[in-house]
Amino acid sequence: MGRKLLLDKAHIEGIRYYDVYRKNGGYAAAEKALKSMSPDLVTEEVKKSGLRGRGGAGFPTGLKWSFLAKPEGVPRYLVCNADESEPGTFKDRYLMEFIPHLLIEGLLISSFALGANRTYIYIRGEYAWIPDILEEAIAEAHKNGWLGKNIQGTGFDLDIYVQRGAGAYICGEETALIESLEGKRGNPRIKPPFPAVKGLWQCPTVVNNVETLAAVVPIINIGGDEYAKYGTGKSTGTKLISACGNLNKPGVYEIDMSISVEEFIYSDEYCGGIPNGKRLKACIPGGSSVPILPANLLLKTAKGEQRMMTYESLNDGGFATGSMMGSGGFIVLDEDQCVVRHTMSLARFYHHESCGQCSPCREGTGWMKKVLLNIENGKGKESDIDLLWDIQRRIEGNTICPLGDAAAWPVAAAIRHFRDEFEWHVRHPEEAVKRNFGLAHYADPLPVAAPAAAV
Amino acid sequence: MAVQFSEEKLNKVKEIIARYPEGKQKSALIPVLHLAQESFGGWLSAETMDYVASLLQIDPIEVYEVATFYSMYNLKPVGKYLFEVCHTGPCMVSGSDNIIEYIKERLGINVGETTADGLFTLKTVECLGACGYAPMMQLGKFYKEHLTKARVDEIIAECRAKAN
Amino acid sequence: MAEEKKLFKVTIDNIPVEVEPGTTILNAARMIGGDVVPPAMCYYSKLQGSGGKCRTCLVKVSKGSDADPRPMPKLVASCRTTVMDGMEVANITSPEVLDARKGVVEFLLLNHPLDCPVCDQAGECDLQDLSYEHGVSSTRYEFKRRTFDKIDIGDHIKLHMTRCILCYRCVFTADQLTNKREHGILGRGDASEISTYIKNSLDNDFIGNVIDVCPVGALTDRTARFKNRVWFLKPVDAHCTCDKCSGKAVLWMRGDEIFRVTARKDKYGEVEEFICDTCRFERKDAKDWVIEGPRKVSRHSVISQGHYVGTRKPQETIARVMDGRAPKLLMDIHSVSEVNMPAVDLSKIDGPAHSNDFPKNNGAQ
C-alpha cells in the first residue's frame, strides 16, 4: 500500500464534521504552528518539504510564499484556488466534499505564515453544493475557536469566506481569479506586477491550489524534512491523481510519487486496468492541457526506462517524447477511441473558455476547433494538418496567459504522436466517419535510440 | 412587477457584501447575480441586472459585462429543469454523445432548446469536474453522475413528478 | 543640489538609447523612432491600463539586464514591459518576432471583413497599415467570418462591430474621460463584442473620442460617414474657444466646407488632446474656427495626396526634363470636349475639384 498523507483518514465516517476530524488528530498541526512556531518558521518548513504547487504549474510553494511583499499597513491576502476546471481533474472537489476541515486547517496555517487575516476560497460555480459544506465547516471551526478573533488565544485573527465563480475555466488562472473575485470579467492581468506585489484589490496576494494548501497540514504535522522523504527526487510528498476515461476504477487516488505509470493504470490498488479487455491506446497524464502520449511512450520513456508518476519522469523527453504532471488529471483512452475526435473536443473546450482578451487565443482557438471539426467530419484536407500545426505554433507563447499554451499543446502533441491517424482521416474520409483508426502501432515497443556515438 | 429581493434575500446580500473590505462591494457581484438568477425565474433579465447594479452601486454596464462573461448565467429564459450535459473529452470517451442523443430523443428537443411545456431545457456544457463519474450532467444545484439511459429516464420522471 | 536621475541604457535592434526607469520598451523604441518602433494596435499612451492585448508589439528580450542577463523565455508585449538597465531587445532584427507578428496579423484579420473599399476608416486605418506591412496577401481561413449588425449608438456614433479587433481602447476612453461608462465588452472569447447590451445611446461630452482612438473602422462619426474619402479632404489645424475642451482640433475640409472634425493626432496616431463632442459634431461651420494652417501629414500617408503643400506644377517639371523646350501639344482637349471648361484652370484649384468649382454657365462668364 502506498503511504498517504491527505486521504489517510478520508474513509472515517463523519470525518466531514469537526468533532470526528478533531478526534482523529485534526487541528493538531494548526495548534503546533500557531502556538509554537513563528510565521517564518512555518514558511521554512514548507520550503524544506519541497512542496510544489498542485494546481498544474508545479512551482515550489515555499518560494512563492517568500515572494509575498510585506509593506507596512497594507493587508495581505491568501486566496485558495478551488476553481478546478481542467478537463480530467476532479481531485480538489473530493478533498472539499469529504474532508473540508483539512482545507480549513491548511488555510489557517498558511494564512498565519503569510500574515493574512482575510482569506477567500474561490470555488468554481458549478460545484454549487460544496460552498454549503465548506461554510458549515467554517462555522464549526469558528465555534471551536479556530477562526475569528484571537484564535486559541494566540492573538491571530482570521476569517475565511467562500466565493463561488460562475462558469469560466480561465478563472483558474490566478490573476483572472483575482479579477473575478473583484467582481469583474475573468480577464487575466498582464504581468508584472505579480499578485505577490499587487493582487487582490491591489494588495499583496498569494493564490494556492486546494491540494497545495491541504498538504501544508501534514508538512507541519510531520515536519518538512520528513515530508520530503515521500516521493522521488524533486517530486516530494504525495499527489492526488484524478483518474478518468477508460478505466475499471476511475476516481481520486493519493499516490506516493514513487510508483510507475504502469502500476498506476493496471494494479488493483489503483485504476485496476482497462475495462472489457481493451488495450491502452493513449493517455493524457496531467489534465487536458498537457501533451497526450501514445501507450508506448507513456509506459516507457524514449530512453527505454520505466516512466514513473513523478514530475520529472512524466516530463522526461520534454515535449518531443514526454508530457507533464500538470494538475494530476489522468485521462486514459482505450483502443476504441479516436484521437482526432478527442483532440477536437479539447479544442472546442479551449475555444469555449478563451476569455477573448488577446488576439492569438481569441481567434486561434476557434480556428483550430473548426479545422479539427472538418477533419473529424471527413471534410479535412491534407494541408489542414500542417495548418493546425502552424496555428498552434503561433498561439503558443504569444498570449497574455497560459490558456493559449494550454490550447496549443494538446493539438501539437496529438499531431506529433498521432499524425498517421490524422492523415488516415483526411485520406479516407468516408471510412473515418464510420469507424476508428484503432490502436494501430501506438502500443508497439519503440526502439531505444543508442546513445550517440562519439564522432 | 418590479424586481425586488425579499427582506431575507436582502439580508443575504448585506451578508455577502460584508465579506469584503469597505468599498469593495463590487466583489459581491457574482454571488449576488447567482442569488438574483435563483430568485427571478432562473435567468437574468436586463431589469434584474439593473436592480443588482443599483444594489451594489455600480454602473449597469459593469453588471452586463460580467453576466455575459460567465457561462452559468442565463440571459434568456430557460425551462424549469435545465439539463447541462458535459461533452468534453473525458465524458466523451465515456459515452456522453449517446446520452445527449438519448435525451434529445426522449424530450424531443435539440441542444439549446426548451420543451413546449417549458419544463426542460437541454444544454451541452464544457467540463464540470466530474470526469471520473462520467457521463454526467448538472441539474440545478447538483450533479447527476454515471448516466445511463435508464438513469436518464428516471431523472426525467422525477422532474415531471416534482413539477406536478 | 539637484539629484541626477539615473537613466537606464537599453539597446533595441542594436541601437542604444537612454531612458528613465519605468519606461516601456515600446516608448524607448519610440524615442529612437523609425523602423525599430513596434506597431501597436491596442496600446494608447494616453489611456491608462491600455495595451498588452493585441500582441502586435511583441519583441524578444535577448538580455534581461546587466544585473540579470538571462533572456526572457517568451516574446514580451513591448507596450507593457518596462526596461531594465542594460536590457537588449530585438524587434525587426529577430526573425522570431517577425514571424510571430505575421501570425498576430493573420489572427487579427481572421474575422475582419476586409471591407476597406466601403470603410470610412480606409486611408487612416491602423489595421490597414499593419496588414500592408506585416500581413500576407491571402488568407488561410476557409470559414464563415463573424458578423454583427451595424448599430447606431447615439446620434453621432456608428458601431460596426464586425470590424472591431477588441483593443479595449474605447472602453478605457469611456472610463477615463466620461463620468459614466455605458458601453463595454460583452460576451466571451471570439463572441466578445463592444455593446451597450440594451440599445443605449452614448451621449456624454467626451464620448466622441472613442471614434478617434478606434484603430479600425468599428466606431465612426455619423456626422461625417460616407461624406468623403479622407484622402480627398484637406486636414487643417484649427482652434476655437471652447468651454469644455482645449478647442484644438483638425478640420477635414474641402473648399470652405468642413466635413469632419477630429482631435489632433501625433505620428503614432494618438490623440494629442482629447476634444469635446460639441467641437467634434456640432462646429461644422468654418466661421466657428480660427484656421492655423495645413496639418502636417506624413508623405507616406495617402492623405498627403490631397495636400498640395510644396508640390511643383507639372509644367515646371516638363520644362526641366525637356531642356527648356515646351511640350508639343498633340490635341487640346477643349477642342474636342465641351465637358471641361477652359475658363477653369484645374491646377489653380486647391485640392481635388468638385462641382462647385464649375460654374453652371459653363465657365464662359
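The first chain written gets the first letter, and so on, giving A, B and C; residue counts start at 1 in each chain.
Keep this in mind: a contact is a pair of C-beta atoms (placed from the backbone, for glycine too) under 8 Å apart; a residue touches a chain by one contact, two chains touch by 3 or more.
Computed from a prediction, not measured in an experiment: that's the story for all the values here.
Taken as a graph of touching chains, this assembly is complete, with every chain in contact with every other. Here the chain at the heart of the structure, going by C-alpha means, is A. Taking the CA centroid of chain A as reference, the farthest chain centroid is that of C.
Chain A and chain B, compared by their mean Cα positions, are separated by 25 Å.
Between chain A and chain C, the centres computed from C-alpha atoms are 45 Å apart.
Shared interface positions of chain A, i.e. residues touching 2 or more other chains, are given as 168, 185, 352-353, 355. Each of residues 185, 187-188 in chain C touches at least two other chains.
Multi-chain contact residues of chain B (touching two or more other chains): 62, 65, 69, 71. The touching residues of chain A, counted against chain B in their complex, run 75, 84-90, 93, 118, 120, 124-129, 161, 163-169, 180-186, 201, 242-246, 250-252, 284, 288, 329, 331, 333-334, 337, 341-342, 345-346, 348-349, 352-353, 355. Touching chain C in their complex are the following residues of chain B: 46, 59-62, 64-65, 68-69, 71.
Residues of chain A touching chain C in their complex: 168, 185, 190, 351-360, 362-367, 370, 387, 393-395, 397-400.
Chain C makes touch with chain B in their complex at residues 180-188, 195-198. The residues of chain C lying in touch with chain A in their complex are 51-55, 58, 74-75, 77, 80, 99-100, 103-104, 106-108, 110-111, 140-141, 143, 165-166, 168, 185, 187-192.
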